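Labels for the chains are A, B, C and D, by order of writing; each one numbers its residues from 1.
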Amino acid sequence: MDLGENPNSRHSTFSLPPFELRSIPYLSETNPDLPSLPNPISQSPYYSPSPGFYLSSSDVILRHILFDLSSPPAPPLVAFLRAGPRRTIRFDTYEVCAAIVTCGGLCPGINTVVRELVVGLWEIYGVRRIYGVPSGYRGFYSAEHWPLEPRVYCIGGDGTMRGAAKIFGEIRRRRLRVCITGIPKTVDNDIGIIDRSFGFQTAVEMALQAVHAARVEAESAVNGIGLVKLMGRSTGHIALHATLSSRDVDCCLIPETDFYLEGKGGLFEFLDGRLRSNGHAVVVVAEGAGQRLIPRVESEQRDESGNPAFLDVGSWLKEEMKRWRERDHPGELFTVKYIDPTYMIRAVPANAADNLYCTLLAHSSIHGAMAGFTGFVSGPVNGNYAYVSLEEVAEAKSVVDTKDHKWAWVRSVTNQPDFGKT
Amino acid sequence: MDLGENPNSRHSTFSLPPFELRSIPYLSETNPDLPSLPNPISQSPYYSPSPGFYLSSSDVILRHILFDLSSPPAPPLVAFLRAGPRRTIRFDTYEVCAAIVTCGGLCPGINTVVRELVVGLWEIYGVRRIYGVPSGYRGFYSAEHWPLEPRVYCIGGDGTMRGAAKIFGEIRRRRLRVCITGIPKTVDNDIGIIDRSFGFQTAVEMALQAVHAARVEAESAVNGIGLVKLMGRSTGHIALHATLSSRDVDCCLIPETDFYLEGKGGLFEFLDGRLRSNGHAVVVVAEGAGQRLIPRVESEQRDESGNPAFLDVGSWLKEEMKRWRERDHPGELFTVKYIDPTYMIRAVPANAADNLYCTLLAHSSIHGAMAGFTGFVSGPVNGNYAYVSLEEVAEAKSVVDTKDHKWAWVRSVTNQPDFGKT
Amino acid sequence: MDLGENPNSRHSTFSLPPFELRSIPYLSETNPDLPSLPNPISQSPYYSPSPGFYLSSSDVILRHILFDLSSPPAPPLVAFLRAGPRRTIRFDTYEVCAAIVTCGGLCPGINTVVRELVVGLWEIYGVRRIYGVPSGYRGFYSAEHWPLEPRVYCIGGDGTMRGAAKIFGEIRRRRLRVCITGIPKTVDNDIGIIDRSFGFQTAVEMALQAVHAARVEAESAVNGIGLVKLMGRSTGHIALHATLSSRDVDCCLIPETDFYLEGKGGLFEFLDGRLRSNGHAVVVVAEGAGQRLIPRVESEQRDESGNPAFLDVGSWLKEEMKRWRERDHPGELFTVKYIDPTYMIRAVPANAADNLYCTLLAHSSIHGAMAGFTGFVSGPVNGNYAYVSLEEVAEAKSVVDTKDHKWAWVRSVTNQPDFGKT
Amino acid sequence: MDLGENPNSRHSTFSLPPFELRSIPYLSETNPDLPSLPNPISQSPYYSPSPGFYLSSSDVILRHILFDLSSPPAPPLVAFLRAGPRRTIRFDTYEVCAAIVTCGGLCPGINTVVRELVVGLWEIYGVRRIYGVPSGYRGFYSAEHWPLEPRVYCIGGDGTMRGAAKIFGEIRRRRLRVCITGIPKTVDNDIGIIDRSFGFQTAVEMALQAVHAARVEAESAVNGIGLVKLMGRSTGHIALHATLSSRDVDCCLIPETDFYLEGKGGLFEFLDGRLRSNGHAVVVVAEGAGQRLIPRVESEQRDESGNPAFLDVGSWLKEEMKRWRERDHPGELFTVKYIDPTYMIRAVPANAADNLYCTLLAHSSIHGAMAGFTGFVSGPVNGNYAYVSLEEVAEAKSVVDTKDHKWAWVRSVTNQPDFGKT
């Protein structure tokens, strides 16, 4: 294809500083007598693994892939091991015992993860002793004795990941023949390093229905405001994605940005403008937004896990909005329709994308554990599955980068101001 | 977090060879007198762009991010410019004229792309002259004269991209003050370099409903086979993803792998086994699979674009299956339920993930064109939006890598053999 | 078909007392000079109305169709005029002016009704002056003068029907050349005489999703209760139908039955049993249930229409349940997940059945008004469309008959006791 | 409510001729020694059946409820027994054995019917011996011996109903202590007497999706026709309801009306007009329409049940349309998008309305059988559940009444001509 010039003239080259490969623990470090056995996939009548099918410890994926060439990148640049089947496994599949423990609330896709763990262990590796541990970590105490060589698959939120990291430390100290791998479960998508958490896309899909309902309700009333509270205690990912996926939102409030209600540049001024120009407005608020604005009563309740209870920003906003209109616009019609779709979102089955994700997640975990890795999490990093150490995941946190262009896009979609900056 | 050892001991470092930055054409190369104006975003009463909000030509994203450290990577390693708003734009927004042309069939999300192009140009950059060109490229001939400084946004499949590249070459030769940018539209996801094409996830979601229906139909019959034909002429991405997202598929046939019907290791032997053991089976076939197996009649029809018409692999397989059972299992009950959901998939509105994707795609294209880039496509590369030259996209092709682990996962889900390898 | 006997031997005959035909007002009663014109359907190039196509004032449908032959039926037995096109219309379609006014909240199908009124008037009867009246009845005052021969189509709840009846009385007194017809709009299905109100089936469909989510949430917790509040201020039809359509409900509370919380035969005793035996329970409560149990604060709010505000039985029940468990089962895990899907139900588009219903409703109304009937409502009575006078509909009320077998079926599905009977 | 006159002046009275109560067989006619036992519902700790809860043989529902008072009704006027629980049952629930046999293809709701039969027998009547008979009627031969007092619940299409009527005749001749009741299963809704068959509403809902997709496809092409084939071999109920529920259909072809393709008043002339005026058209065709127009090849295939195979009207129409355009409009763009959603419709779960219907259907059947009725079908007649004898249902047939107003409404929605009348 001749474009009338040498296209290569536009191309330049650059070099990057060294990357650090963040490896993950290997059970043989504490248990040097583990056997080395061929992966049973090689014996399958169905598979004939092509060269390059198996991954080795030299297969890596870069974590840092965005660079500003005009300034040196902040070290360290990091790479991870790629996830996938290994040529050699370190357990006799007849002796292996696997336990699956899930902690915390519902999340779309949790059933798929558990099913794929069981089916994958059973069909690919021939593991026959697979247990579900009821009631979270508590369930372990009821077991009478520990089987010899279990893999414990821990599925849960960041508390669970921190718990798994601690269990892993203890196992390591005792040199137990136990692999442990975690699968982050948080519909809020607040886990760092990995691209996204399972169930997140499904949650956004359902959130969109609530946003659409809010729009229809707002439009059908005189000075109608549709208010939707979406999940997200420390991060506004669901609110952000629902806003960007929809053209129905006038204002998106997330924990990562401040806002205030009254006065110049406040939420009410903004909403007043929208009501004047459009006759209605839709506000999406993440459950963690505005927590410091809400007056707390003395005996602030704590939630079941002992954390300070989140105050209900949705109900509070609804009441504040009513108060505002009665004070500043007495006699005018005004309606707030408040929708909290939380439980309808969590209980929904995973959509196709999340089902696929859950399947690959479960299989990645199985391959890693059978290969003798331990203390790790598997998940997509820049679109490819990697193994990351439990401790790194437990410490990382994913928040919405409000200096980033995605948030700018929200602002370009909603035209909402920087409420926090006066 | 103390894990009883220095975790860094596991970490090693490595260096990579130089990367080549694949830049894209800049309209000022042929039109050196373009003005340089501040981005109107900076004047917005709503935005106060934080430092780092604008991207520059030193902001790059790596394309190659997977490495096997045990062997040197095949050069060249490639990087692309990141997509996003620039501090300086090269057009007076009052004089700009934008034209949007879409070619080819329906695709979920096409409405969102067009809407966001219009809304983005109008609201962010204040462009007021925005035209839709009817009936594909043909539509240009009906315009009486060319406005001075248009941007032509071309949305279409690989033919459209090749056409756009040619138009771009011609514009360049004539040194016209015209930017051109393309948005690949192919539900099959067969565009290379970029992570995926818009509408793809929605299509997989709908495909899953057809697969599920096939399973229910198959189960409810004695020796029932549910056969689903899915879109994908040169690639099997939709079939692959639908299979992996579902646990209902026994066999997935795609253009990237061969198969044969009769004899040892053939499809019928495999299906016979499944019918014996389960009483039913579900087969997913991409429309481009098995084309060389289907007998062609003399006057082979060509499709509307003049390409050799694809033969209907679904109807052919259905008839072959019936023939096989009548011959080899006369008197036994047998049913094939054949589902072709193509038109129900294409007509569906985009889901949340695709809507978000279409929005970011449109905005990326706008920012690039206003900044004076031309002859480019914007799209996600390894999860981040990049600008890639039209010619590179027009030449690239994304097929299912059957040596890769994703295809292996299909095989681990379906346990289907390598039909093509005897 | 010979069944070995004369099947007629089982058959007996019976006679019924006389029926009263409840006719509806006719505009010519007050305006004797109305023209008599042929229905334009007869001139349509597409229709060739078969004999029997047009209905006349001798076409009736029985309202009372259930009898206990062992006791004389309570008079009066009632019949209504059948709805449908008439051979003669009483308005010159070129002079007709139609106004459509909708009052009150959203309801699935409202858009279909309005669209079909407009399309039906325009296409079937050639009416060209069709107006939408904004903001409910208030909107009439803003009109500067009354056109000569309007038909006012009033769509709204029972308040609207009572209003329409009053307007009709006034029109009649002034002998205005104005037909008025009402279309009952209440998602609660609390309108009497007609089989059901539009949007009701769609609402039940959506309610089912909330009930299912509540079940999943309840099951996933230790001692989990899923609590769903469904629409229905004076009647429990939605709660009843959602319960019967689902197998997920343990207890259904509606305004038509009393219940109490504490003690023998109370709700808590029942739930305690369910938690013991199943580990979880799902409770559906209609918004009008238990109103007299909820303590009212002094300054009881009134709603926008001035009616005493309904207290939120869902939030109240949730708090009472928590209080009960903390008091009677301290230290035990317990969770209530409370779902209020109201706004997500109302904003949803009508399903196929409701769309069809809305279409027939609108067309029936048009045919009646063009034929010169006034002060009427059209709707299905025992499955066939009839005209019923506005005043009869305004006075009738449909509540769940708890002595009936449908409610018994709820009880057989849930096995819940008669909470109200100690 | 004073309307300014005595409203009763408009009311007149009329009398009806006698009705004939069509009773159903009673097992005691051939087995006079059946016990009479109290209904176990009366002993339930949960129920306290109110007076009027139980139905008796004097509770009837009128079948004929539409009358033209200007002419005497055609005798005989018919009434049926109402369905529901009876105070006395005729079987010892510990000895009862129930068998459920389903014949024929899939239908939305079939799972609900079977589940409710099992759950209802088990929970309400304490029946513990409940069997499912595999593979249709054939399955009975494999049973080694007949239990003493079974009820056979037969679920199937009209063939099944005729079979059930024959089995009933034989049981009656042998004076076996066996009750038999049928539940008509036909998604086509072609069963007479009862209001509708289960699964029908769900099928219409899904059909609507196909119609909508056809519309989108047709609109997106130059001279595009969307063609949808819907279920309905002898009747066009699904096509009719999908057309009326949608505003997307230009032409609806059903078995009850003739049509021809070419010439004045033919389908092609009509479509030509629509393409000219709108640029696209949507055609819905029931699978049984136009069968006599399709040329049959010599060795006309028969279907699995030996009936003459239905020719595929959809594929035929598609080819004829292409032929027509190539002949009469050579060189013009033209596209037919053909959608056959049959298998995606059948495999879908029942919606709320059908789930409720299936539940009431199953419970009605159980109550009737336990009360000693036999040779009957239960189903809604004019909205209320009735018992109708198997032979009457087996002989009745429900077709679309094209002289009726519903079909007129289709015509007013589509403006399609009487193709059959030249």
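Please note the rule applied: a contact is a pair of C-beta atoms (placed from the backbone, for glycine too) under 8 Å apart; a residue touches a chain by one contact, two chains touch by 3 or more.
According to UniProt, the chain labels map to these proteins: A, B, C, D = Phosphofructokinase domain-containing protein.
No experiment lies behind these values; they were computed from the predicted model shown.
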| item | value |
| --- | --- |
| Chain labels contacting chain A and also chain C | none |
| From chain C, the most remote chain by mean C-alpha position | B |
| Length of the line joining the C-alpha centres of chain C and chain D, rounded to whole Å | 25 |
| Averaged-CA centre spacing for the pair chain D and chain B, given as whole angstrom | 44 |
| Gap in Å, rounded to a whole number, between the CA centres of chain D and chain A | 48 |
| Residue numbers of chain B (touch at least two other chains) | none |
| Touch relationships between chains, expressed as pairs | A-B, A-C, B-D, C-D |
| Touching residues (chain side chain D, partner chain B) in the complex | 105-106, 135, 209-210, 212-217, 220, 222, 226, 335, 337-341, 343-344, 346-348 |
| Chain A to chain B touching residues, read off their complex | 1-5, 7, 10-25, 41, 45-53, 55-56, 58-62, 65-70, 79, 82, 84-85, 115, 119-120, 123-124, 165, 168-169, 172-173, 195, 201, 204-205, 207-208, 241-242, 244-247, 351-353, 355-356, 359-360, 363, 375, 382-384, 389, 391, 394-395, 402-403, 405-406, 408-409, 411-413, 415-418, 421 |
